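The chains carry the letters A, B, C, D, E and F, assigned in the order they are written, with residues numbered from 1 in each.
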Amino acid sequence: MNFQDYFELTQLYARYAQAVSSGQWELWPEFFTDDCSYRLQPRENHERGFPLATLSFESKGMLKDRVYGIRETLFHDPYYQRHVVGTPLVLKADADRFECEANYAVFRTKLSELSSVFSVGRYIDVVVRTAEGLKFASRQVIYDSEMIPNSVIYPL
Amino acid sequence: MNFQDYFELTQLYARYAQAVSSGQWELWPEFFTDDCSYRLQPRENHERGFPLATLSFESKGMLKDRVYGIRETLFHDPYYQRHVVGTPLVLKADADRFECEANYAVFRTKLSELSSVFSVGRYIDVVVRTAEGLKFASRQVIYDSEMIPNSVIYPL
Amino acid sequence: MNFQDYFELTQLYARYAQAVSSGQWELWPEFFTDDCSYRLQPRENHERGFPLATLSFESKGMLKDRVYGIRETLFHDPYYQRHVVGTPLVLKADADRFECEANYAVFRTKLSELSSVFSVGRYIDVVVRTAEGLKFASRQVIYDSEMIPNSVIYPL
Amino acid sequence: MDDTSAVFPQQIRWEDKGTSRIPFMAYTDADQHRRELERLFYRGHWCYVGLEAEIPEVGDFKRTVIGERSVIMVRDAEDSISVVENVCAHRGMQFCRERHGNRKAGGFTCPYHQWNYSLGGDLQGVPFRRGVKQDGKVNGGMPADFKPADHGLNKLEVATRGGVVFASFDAEVESLEDFMGPEILGYFDRLFNGRKLTILGYNRQRIPGNWKLMQENIKDPYHPGLLHTWFVTFGLWRADNKSELKMDRHHRHAAMISTRGASGKADQVTQVSSFKESMKLNDDRFLDIVPEPWWRGPTAVMMTLFPSVIFQQQVNSVSTRHIQPSGPGAFDFVWTHFGFEDDDDAMTLRRLRQANLFGPAGFVSADDGEVIELSQKGFEQKPFHRTLAELGGREVGDTDHMVTETLIRGMYEYWRKVMEA
Amino acid sequence: MDDTSAVFPQQIRWEDKGTSRIPFMAYTDADQHRRELERLFYRGHWCYVGLEAEIPEVGDFKRTVIGERSVIMVRDAEDSISVVENVCAHRGMQFCRERHGNRKAGGFTCPYHQWNYSLGGDLQGVPFRRGVKQDGKVNGGMPADFKPADHGLNKLEVATRGGVVFASFDAEVESLEDFMGPEILGYFDRLFNGRKLTILGYNRQRIPGNWKLMQENIKDPYHPGLLHTWFVTFGLWRADNKSELKMDRHHRHAAMISTRGASGKADQVTQVSSFKESMKLNDDRFLDIVPEPWWRGPTAVMMTLFPSVIFQQQVNSVSTRHIQPSGPGAFDFVWTHFGFEDDDDAMTLRRLRQANLFGPAGFVSADDGEVIELSQKGFEQKPFHRTLAELGGREVGDTDHMVTETLIRGMYEYWRKVMEA
Amino acid sequence: MDDTSAVFPQQIRWEDKGTSRIPFMAYTDADQHRRELERLFYRGHWCYVGLEAEIPEVGDFKRTVIGERSVIMVRDAEDSISVVENVCAHRGMQFCRERHGNRKAGGFTCPYHQWNYSLGGDLQGVPFRRGVKQDGKVNGGMPADFKPADHGLNKLEVATRGGVVFASFDAEVESLEDFMGPEILGYFDRLFNGRKLTILGYNRQRIPGNWKLMQENIKDPYHPGLLHTWFVTFGLWRADNKSELKMDRHHRHAAMISTRGASGKADQVTQVSSFKESMKLNDDRFLDIVPEPWWRGPTAVMMTLFPSVIFQQQVNSVSTRHIQPSGPGAFDFVWTHFGFEDDDDAMTLRRLRQANLFGPAGFVSADDGEVIELSQKGFEQKPFHRTLAELGGREVGDTDHMVTETLIRGMYEYWRKVMEA
């Protein structure tokens, strides 16, 4: 792996973490390819081989529909979220395709409340090089956090 | 961006995280330029355009005055703090000047207590190259953590 | 420091974080040299110069004995743990030997429970180059987390 | 505090004999919550514990909860299903920690002193029961009159039907069929008609609100059109939907039966301001709905089985939703999505896609958890106050429409009967 | 527990008729805390809700708290200020979640079933109120006798003066002016003299101690010279400061008025061991103090308005500090720093710089939170004990000096009167 | 709740006069917990506070806890040890925050108003006690009748023996020697025989279970062979171990004395199913055990001193384990590992290596915390139930073997006597 690729990869992860912590949800789908896969799944289902995911999207279009839902239809108590993500572990590096994993912790802060641990887990990713730079062809968010604190509204 | 710059940058962030987790508060001002700006501000004020900061320092001298206050005048219940900081996102890189952002989580541990989430948020930084290496010309600590758990004594 | 070394180093840290979050405890001893030192010690003992550690292992064999204990003899309430580790700070870099430190946060999730902060602290490491790649000759885990939430079963 | 308190009453107080105005204290008081556990979860009721498909093999077990008590559902040696309380008969340890697994070999052993129990809960091993022989002398051991038969695990009553498992701490509990009553049983059998179930997976959420609020939420047939914009936009909820509400004779259980209006564009028939004209899906595979023969008409049937479970059929998405209280102010809500043995891959994919609408992040369920949390906050700030559940009048009865809160009034009619006894 | 308990008394007990020895139980008991909420926050008192400048436009609102009840301060259609309780009249949801915003268009709508309220809190929309017509039949709807006028939001009494907004749940509450009394009113008007205020921003902290400890802290005029070394070193607190303490006739409110001694080096006049000779500021812009005409003498006036707010003028730094209890052992403390419309940029910068001294991290305020937390810890470990607030004697009265705890005794004199009634 | 409750009894209820069946409510009730604090920790008992070696120099102090009250152990000016309560006599602040340090210079000063105390706790400084002279007038100050002697820190009774420090809030408490009784005192003196101790360090854990469960755990001599597989495998616990159990006359304290069986391979003599044949250590330095002369036979002596401490000798590993309750459902458990002045480096290394077996992560101690947590969970889910501690019969008495729960019965015999008085 050369530095340029490594730099772009770490920046992709850092930029994603900033974007989903910024409240600008429109930024989120743009990290993905058109025919991407995004899955938010409990570690239990993942390890026991159950196909159910908490959210399972099969295209960038579905991600955009999610953003619309967040913005327009999903009533929720607003909150800040903050992603702190570890260095990506590069499992496989081809010229234009990278398989990576990274541990993450997401903290939730509701208005006038203390911050708390919201979700922790692991990203399992396939990153590909596109004309617009590196994108996620696939991002699985496998969360340890057994009991979701009420609900997950924003993208993890 | 070349590797050497990237390496120095990531080391600056790592060294800062170590320093403010070490209890050796004297190390803290040395990460900044003489005419630096350091601001600890709630995300609310930042996003609503209110100028008030929880702490707003306009020089390295003020940072030294803060350290003196921590050491000599500010009574407080002592605690450990631990910074875990994500990879810096490089927004702008000139030869001797870098604009970066990074998400952080700080954990507080009081004597004979469990550790807890103390503050989470984002650094918005301007880093410059000096004779003594990279320094912060400006570091804004914009925190999500709406409700401060009593008080902030040590540098974030 | 050159990129290749830096890359391998960051990957070592990332791979360790994945391994000890994976539940595959057998992976853990393989990160160490045969005559390694692994110490889990409260910051209090470390800073006050007390030799006692919560766990103090002096060989890879002891690590393997620990894994056996986790698997076969140590009754415990099972839990997930998730490591989020900051960028390693490289304090000393020789050709085949690196002295590094890194801040960590480990989150615990018990079945049907919320995730919580389990342990936060600092790694103090000596990494050496071996035929099988980089390994820890020494890893000290100095934890801030004064009060352990009941017990520590899995490797930190 | 003083008895003259106007803001923080000592006792719950109803405005009248009816149940259209529910005191906020019905959701907040800790002592009353314990009484609810005892009278509603531990006595006289069948509580949901799981699905047979979760423990297909002899020795398979699943740890779950009834009210606030940990229990184990296990397939015992006779290949029938037992439910035992997860508390060791020796010194009380909650010995079973895995949430699922197989104990065919060896049954259950408590780690503290290795008391061993059969899958059915009979005590079959007590270390040192007869003491230890040393230097020709026998030391210690259990008293001569110790009878293992008296010290098994607490065994619950068990009833299974259509692959669903219920249990009760109450040996006198009526039959499961009588408990449900014919109306509800009919809808139960419609969903669980004997086909083998396949487990698709779980979702788990902790909702910081009183457990009854979830029962209310599913007994509140008109909120979807108001809160869940997507339902409306998708035409899943339309004012011209054919709808029926049915209860058991105690008014504790209910079924919300609805059938999508056949004709007309949603925006023509909806009268709901929440309708968002502009909305178009970028990817409509979320809504690839295919009717199934067993529906026999209704496109959605939501059953509330009091107090512990909700059975969901929303078009092709089917699940059980297990209510596990945790004090008056919170409950865990566990979703088990399933399919049927004869599903083809396309149908399984369909159920999984539609699952995006439900659960802790679902397009039309996440907000249910949110409104429950915020209702609880409202209750706690003025415990002397009460709700106003008078849509469709103040009476209780089955209806052929959704514009009513009658099911909520019915549930509290039953609640008062049991709690004020 | 047993009534003979010496360490954990059943009831709070005062040593005598006076209030110089305050039982630790005044800070720890949960039932008593609820009684405090009812008698001090919800009845007979005006509580701070905010500043008019926070909601300049019609429809602007701010969500805040009185005691432990969520309320909304809103500029209504008539451009006057209303305060309503944030609890839906339908089924009790705490419907307003944004903490600020504008609802000119559409007023307030509860998301659960879309009941809609005017900015002033009148119920103006109930979906399906008249039912839904289907196949010529009208289904459901609210009862014929349903009167929207009876089901608006809970409207509070509102009083504004000098741009500050107060509210009360108590319709019988006296006028704001009578509530403050002439003395306090004078100092209130000194700070809020009609000029438009400008909002500089907020600080929020959760202090794990009883809310009264913050009132005490600001009624404790001599601790700054002992706890807050910086005050002394900066000459902001000097033993030769001219000082006055004034109370309302009930002794519940107070003003601490001080004027910096004109002459002498601090170290000559201070008698305080906390003075640190060595200390020099590396950057003294923290202390760029410029007197303002409206001060009319005093360099610092700290007002405690019982029970809910503190008004701060410390040289050029002005703020309101809102006390929001959260059980007997904690409260949220919300700082609103402001300026005046006629401030030039230099003065604004000055106020912002001096803000470094105050708030959750302030050089001379952070430690107030710390001592409050640790006082609470002391109280909880021996609830049978009591404080000793006898500096300046055991009586209550205004003084012309700071060497006294009379304001604390005064506050508890009032507290006993109200709480023991 | 209603008095007829079967699941949640109002009052704790014992099945009989004996103590072999302990009600789960003995571990869960909050009021009863406060009564335990008062009767067991604050009255009539000596509680552990630390080791003299922790505060070798005049002015050295250590902050610790008795029951739930913060206290300070300090070496005072007379070079003797004082223990004072960490609550300021002025307004109650828990003034000491460092957990250890030296206050030879200046004694203790409370930061809030700088009341100053001698190392022994005498009040020696009150700022402004005589007021402040200004313009020839004396302002404020403490009342004329203020006697500093009446307002020192709360001073506890102190007893030290063999380098171990105990304290009591109770001035009438019997002597430490009478408190222990001759039997226990003998084993205490065996371990603390006058040699200087050296501190090796601390381990701290918060165990979410009732504090008595830790006393039970160490009064439960046969669980190691069942729960702690390593003990068996290592031959540290063998069925042919010589063992004795001894109690004081009140049956509140106990000593478990065991001596490793001399001969035979573990697997020949163990009857314990937990034995794992396969197990081999990769590095057996964990078990580099060297007998010490002072053992005088026993290889392990575990002493439970009721209510606050456990003294451990497990081969070469010696430690004190301090029990610090935190409500009925949790306690902090603080381990102080030590050695003796005459240890050579090899022995110190040995003690440190064997420390891997103990503490919050120890091979044979971590699981004790786990079973305690899970026992508490069991108790909370069915408070009407009880344990069955009948191994070795239902009586109480010393034994020459380990196959009994007699020490647990003994502890509750004492507990009932004190708690039911």
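Side notes on the structure shown:
To be clear about the criterion, a contact is a pair of C-beta atoms (placed from the backbone, for glycine too) under 8 Å apart; a residue touches a chain by one contact, two chains touch by 3 or more.
If you're wondering where the values come from, they're calculated on a predicted model, not measured in any experiment.
Considering every other chain in turn, the ones in contact with both chain A and chain D prove to be C, E.
When the contact pairs of A-D are matched by residue number against B-F, C-D or B-E, more than half turn up again in B-E. The chain with its C-alpha centre at the largest distance from the centre of chain F is A.
Separating the CA-averaged centres of chain B and chain C is a span of 26 Å. In whole angstrom, the spacing between the mean C-alpha positions of chain A and chain F is 48. Inter-chain spacing, taken between the CA centroids of chain A and chain E, is 42 Å.
Chain B has residues 3, 75, 77, 84-85, 87, 105, 111-112, 114, 117, 146-147, 149 in contact with two or more other chains.
Looking at chain F, one finds that residues 97, 111, 204, 206, 227, 332, 367, 371, 374 touch two or more other chains. Under the contact rule stated at the top, the pairs of chains that touch are A-B, A-C, A-D, A-E, B-C, B-E, B-F, C-D, C-F, D-E, D-F, E-F.
The part of chain A that touches chain C in the complex is made up of residues 1-3, 6, 43, 84-90, 101-105, 117, 119-122, 144-147, 149. On chain D, the positions that touch chain C within their shared complex are 97-99, 111, 204, 206, 332.
Of all the residues in chain B, the ones that touch chain F in their complex are 75, 77-78, 111-112, 114. Across the complex, chain D is touched by residues 31-32, 34-35, 37-38, 42, 68-70, 85-95, 97, 111-114, 127-128, 131-132, 134, 139-143, 146, 151, 154 of chain E.
The residues of chain A lying in touch with chain B in their complex are 3, 7, 10-11, 13-15, 17-18, 21, 80, 82-85, 87, 105, 107, 109-117.
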